[in-house]
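Letters A, B, C and D mark the chains as written, and numbering starts fresh at 1 in each.
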C-alpha cells in the first residue's frame, strides 16, 4: 500500500472521496502502467481504459480543453468536433506520442478484429509530458510492447508515483508522476463520481503551496529544486455524470483551479491539456434520432468543485507516492514525502 | 407578392424547399421589420422571433460561429458557453447594436413581467451590417420604438429586400437586404425543415456567380458596382431538427458554402457571423437530469447541404427582392432584378 | 486615502508593485467612475482609458479570453479577429451593456469629429457583472450621462471598492467592487509594468482563502455570506510590454490563477471574461508592411506571474476598499475590512 | 510533364500564378513523395519542406484552422499556442499518422545532431486523409523509410496526382491525390507568392462544378462515382508574405472558399484541416524583444483571394494529374482527365 497525501494528514477540499479515491472509482474505468527504468531511461506509458466495452464501437461522450497548447497531445481535434472518445487514452513522454498512438491503433484493431468490428478510421488519444531531465527522450524508448503491457496490467487499484508515464517527471522540483483522486457529487439525491488522473511535470519549488502553506525555507534549500515554473501537466477526468460534450468541456476546464491552488502560474514552457469522458451516454449510432441525458446546468457547480479538488489532490498524490530519483546529469530529485 | 430568384427561373441546389421557402417554414418562427427611409437614413431593424413561447423561460438550443469576427454582433459569448438562446434575435446597423440590445431587454422584461417570469439577467442577441454608404450611421437612427414595431409586425410571410435591417445594405455592388429560403431534409422518413435568413452586405460585382455564371461584362459596366469584396453578412439559421449545440455549430458553419458559391472570397472588411437555433429541444431547467434529443451524426450531411443551399438562395432573394436605392454620395445602387 | 490589502499586512506574491500599485501604473492609462447610489439602485459605470491618444485612430494590440462565457461582454469578437482595441473599455451592470456601448460610441464619435477622424464603424468594449441583489437591474439605471461622467473624471489615482461598476457587486459574500494592482516585470534589464483592474462579483464565503488561509468559522457565521460560488468577474489587463495579440491572450489567461488562488472554483452562474491591451504597439494602418515588437516568448513566464499576482491582489483590494452595503431584500453585506 | 487543369483550357480565378504554379514557387519550399502501390496498398507519404534551414532552430510563423475536425492531424495544438512551425509537414493516410510523426522526429533529431542543435522536445506536424477504399489501411503500410525517401526526393518541380499521400485518395468520385497551385499577390508594388498544396479526398460526383459547370449527366453515369460528400481534404498554405500567426489563420481559413467553389458542402465524414506557414519571419529566440513584420491588414483581401483561387486550382490539379485506379473491392476509379 502506497502512502498518499491523506495519510500524511492533509485533507484537500470538502467533498467526500470515492472508495479508492482514484479515477477508477468511476465504474468500468481501469488504469495500467508500463515502466522503463534503466540508466539511460526513466519513462513509460500509462493507459486509462474508459470502459470494459469496446469503446470504438460504443463511443463515450468526451471533451478536451487546452489550457496551454505548448504540447503534443494527439486526438483532441476529433474530440472537439464530434464530442466522443473512441479509444483508450494513453500517456507517455513527449517524443513517444507517435509510436504510442500507433500502438493503440494496433491494439484496438486487433480487438476489433476479434469482436467483428470493422475499422477504417480511428482517433487514438495520447497525452505527454517531457521527461528529458531523467530520460534520453530522443531515443523514444517506449515501444508498442510497453503499451500492450499497460493494457494487460490495467486494474482498479493501480500504483501511483514514478510509474508508467510518470516515471521520469518532476513536479515543483520534487519527483512527480502519476497521481489520482476522486470525489462523490450528489445530484438530486443520487451519488455520482468524478475521478481525476494526472501526469505531473511542472512547477517551481518555491511556489508550492499545500492547503495554503508554502514550504519551509530550509526545505527549499535542501531540495535545490526548480526555480522556474516550466513543464506541463496532463489531466484526465472520468465521470459517470450524464453530460453533453459542451458541459463536459466546462467541467474539465476547472482542473486549472487545482493546479493554481498548489501555487503554479501555469508556466509557458510546456503544455497543460485536459481530457474528459463520461460513461453515462454511449453513442453507438443506431437510428436517426437518439436520446442523451445531461444534467440541468444550474447544478453543475458541484461538479466543477469536484474536478478542482480531485485535481489538486491527484497532483499531491503523484508527488508523495513518487520515490526519489536521479537526473541524467546526476542531480538528485527528492520525494516530497521526505519532508511531510 | 415579391418576385424571388426562383421566379426568374433560377433553381438553387437540389433539396426541396419548404412551403414559403423562408425561415418561417420552421414551425413557430416569425420575422418582423421596422424600416427607416429618409434622406439621411436608410436603415432599420429586423427581428427573428424563434418561438411563440417566452424564450427566456423556455430556452432553445443554439450555436454561433464567427467566420470573420470583424463585426459587433452581441450575445455570442453566452450562446457558446451555454448552448442556448434566451431572447429573439435582432439585426440592425453596426452602430445601433447597443440601443437595439437594450430595446430587446426592455421588450422581454415587459413580457416577462406580464407572464410572471422573474428577470435578473438576460443575453440579447443582435447582429449587424454596416450600411454607412446609404445611411448616416453615426446617428444611430434605430430607436427602441423601431424594435418594438418589428416585434409587433412579426409574421410568417414577411417581406424581403431593402426592408428592416436590410434597408441600407449592398451586396455584390447591387442593392442587398434581407432574404430568406428554406429546405426540407428527410431524416429517417420524417421531414424536417432548415430555414435561413440573411442580412446581405458584401461582395465585389465582378465576383458574383449565379449557379456558376458570372455577370456579362456590359452589366458589370452599367452597374458600376463594387470593386472590392468588403462588407459583411449575418446568417440566421432556424431548424426543427433535434440537435445539440455542438451539432448545430457544425451545421451553421456550412452557411459559408452558400456565400462562397456566389463568388465571394469572404473579405476582410467586416464580419460574417452565423447564429442558429433549434426548436426541437426546450431547456427549461427542471429536475437534475434532463433528456435531450439529437440526431445520429452519421446522417448530418443532408443538414449541411440544406444550410448551404438555403444560404445561397437567401442571399439571391435578398438581392432580387431589393429595389434600387441611392447612396448618400448620390451614386445609384441597382437592383439585381433589373438584369435577370 | 483608502486602506488597501497591503495596509492590513498582506503581501501577495513576490514581484514588486508599480508606484500606485494600480492599472494606471501603465503609462497613459486612466480610470474613471460614475456611481449611482439610491434606495433602488447601487450600480454605475467604470471606464478604462487606455491611452491619451485617440485609440480609434491609433489602435492598440489587444486580446480577450472568455474563461466562463455565461456573460454579456460586448466587443470580444472583433478583438479576437483583429487583435486590436479601438475604444476605451467600460464596465457596468449586466443589463446596461447596450446603453453603455451606445454611450461609448457617442463619446468617441464626438471626439473623432473634433479631431477630424471619420467614423463609419466602431467596436465598443463593455464588460459587466450582475448587481441585481443590490440594484433594480431591469431598470438599466446607467445612462449615457454616467458614461460621460466616468470619462470626465478619469484619473491615475482612482478610487476602489464600491464605486462605479463595482457599486453593487459582492465577492465571497462580502462587498465586492472595483480593485486594482500592478507588478513590475524585468525583461532584459528593462522594467515593464503589468496592471490589472477587476470588477469582482463572485465566490462563496467559506471558500475565501487569503494567502492560503480561510476565514475563521465565527467570521463566516457573522457574515452570513454566500453559500454558492455564483457570480462573475471582469479582469482588465494593461501592459507596456510589447506583445502580439496571440501572446497577450496567453498572458491574460493567467488571470484565472489569481481567482483560483483566492479559493474560487470558477462557478457556473455568470461570466469570467478577461480583456487585455498593450500600449507598446500602435496599429495605425499606414503603408503595406508594418513592424511590430514582441517579446521572445521564452521569457513570458514572468509576465504570467505578474498577471496572476496582480489579479489576486486586485480582487482583495476591491473587497477591502469597499464599505458595507445593504441588499434590496434588506440583508447586510459586510466589508471584508471589518474582519482583517 | 504532367498535363494540368490549365492545359485543358480551364483558368481558375483572376490572379497571376507563380512560375511553376505550385507551392514551391514560395522561395525555399520543397515537396517530396514516397509512393506505395501494391495489390493491397495504395498509399504513401508526402512531405512539405518549408525552408532549406533547420526549421527546428529557425522556426517559422505558422497557423492552423480546423474546418471540420473529424480528422487525426497531429501538431495543431502547439501551432495554435505558439504560432510557429518547427518541423516539416508530412501528409499520409489516417492510420499512419503516428508512425510518420515518429519518423519526422527521427529525421529531425538526426539532422539536429549533425548540426549541433540540442533537441528535447519537438512538435511534428502530420496531416492525413483516409484511403481505405484503395488501401488496407489498418496495416499502416507507410514506414519510416518512406518518410525518409520523401525527404530525400524533395524538389521544386514535384509530381502531382496519385503519388505520395495522394496515391489512394478519391475526389468527387474520381481519382484524387496531391495537387498544387500558386498565386502572385501584389502588395505595395512588391510581388509576393501564396502557394497551396492539397491532399484531396472528398466530394460527391454530382456536386462537382468546374468554373461553375457541373458534369454532364452521361459522365456522371459512366463514372459511377460517389453519391455522398464524405471524406476529407488537407490544405497546406505557404507564403513569403510577412504575417503574424493571427493574420495567417485568417488567410488560411479562405481555403474553404476553393473547396465550396468546386461544389462541396464540406461533408461530415472526415476532416478538413488547413495549415499555413510564412517564410518571412524567422523566430529564433535571441534577445528579449524581437521585431516581426506583418502586413497592414487593410490590404489582406488580396491574400484571401490568392488562397481561395490557389486551393480551387490545386484540387483540380490533384484530380487531372491522377490516373485511374482500382479500389480494393474491384471498382474502377476514373481520372477526371478522361472527361475534359
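Note that in this section contacts are C-beta pairs under 8 Å (C-beta built on N, C-alpha and C of every residue); 3 or more make two chains touch, one makes a residue touch a chain.
Just so it is clear, the structure is predicted and the values come from calculations on it, not from any experiment.
Enquirer: Need the most distant chain from chain C, centre defined as the mean of C-alpha atoms.
Expert: D
Enquirer: Report which of A-B and B-C is connected by more C-beta pairs in contact.
Expert: Counting C-beta pairs in contact, B-C comes out ahead.
Enquirer: Can you give the whole-Å distance between the Cα centres of chain B and chain C?
Expert: Centre separation, chain B to chain C: 34 Å.
Enquirer: If you average the CA atoms of chain A and of chain B, how many Å lie between those two points?
Expert: The computed centroid separation for chain A versus chain B comes out at 44 Å.
Enquirer: Could you pull out the residues of chain C that touch at least 2 other chains?
Expert: Those would be 68, 81-82, 250, 297-298.
Enquirer: Report the residues of chain A in contact with chain C in the complex, numbered from low to high.
Expert: The contact residues of chain A facing chain C are 67-68, 209, 211-214, 228-230, 250, 253-254, 256-257, 260-261, 264-269, 297-298, 300-301, 304-305, 308.
Enquirer: Give every residue of chain B touching chain C within the complex, in rising order.
Expert: 66, 68-78, 80-82, 94-95, 97-103, 105-106, 109, 119-124, 130, 132, 137-138, 140, 270-271, 273
Enquirer: In the complex, go through chain A and note every residue touching chain B.
Expert: 81-83, 187-188, 190, 242, 244-246, 250, 285-299
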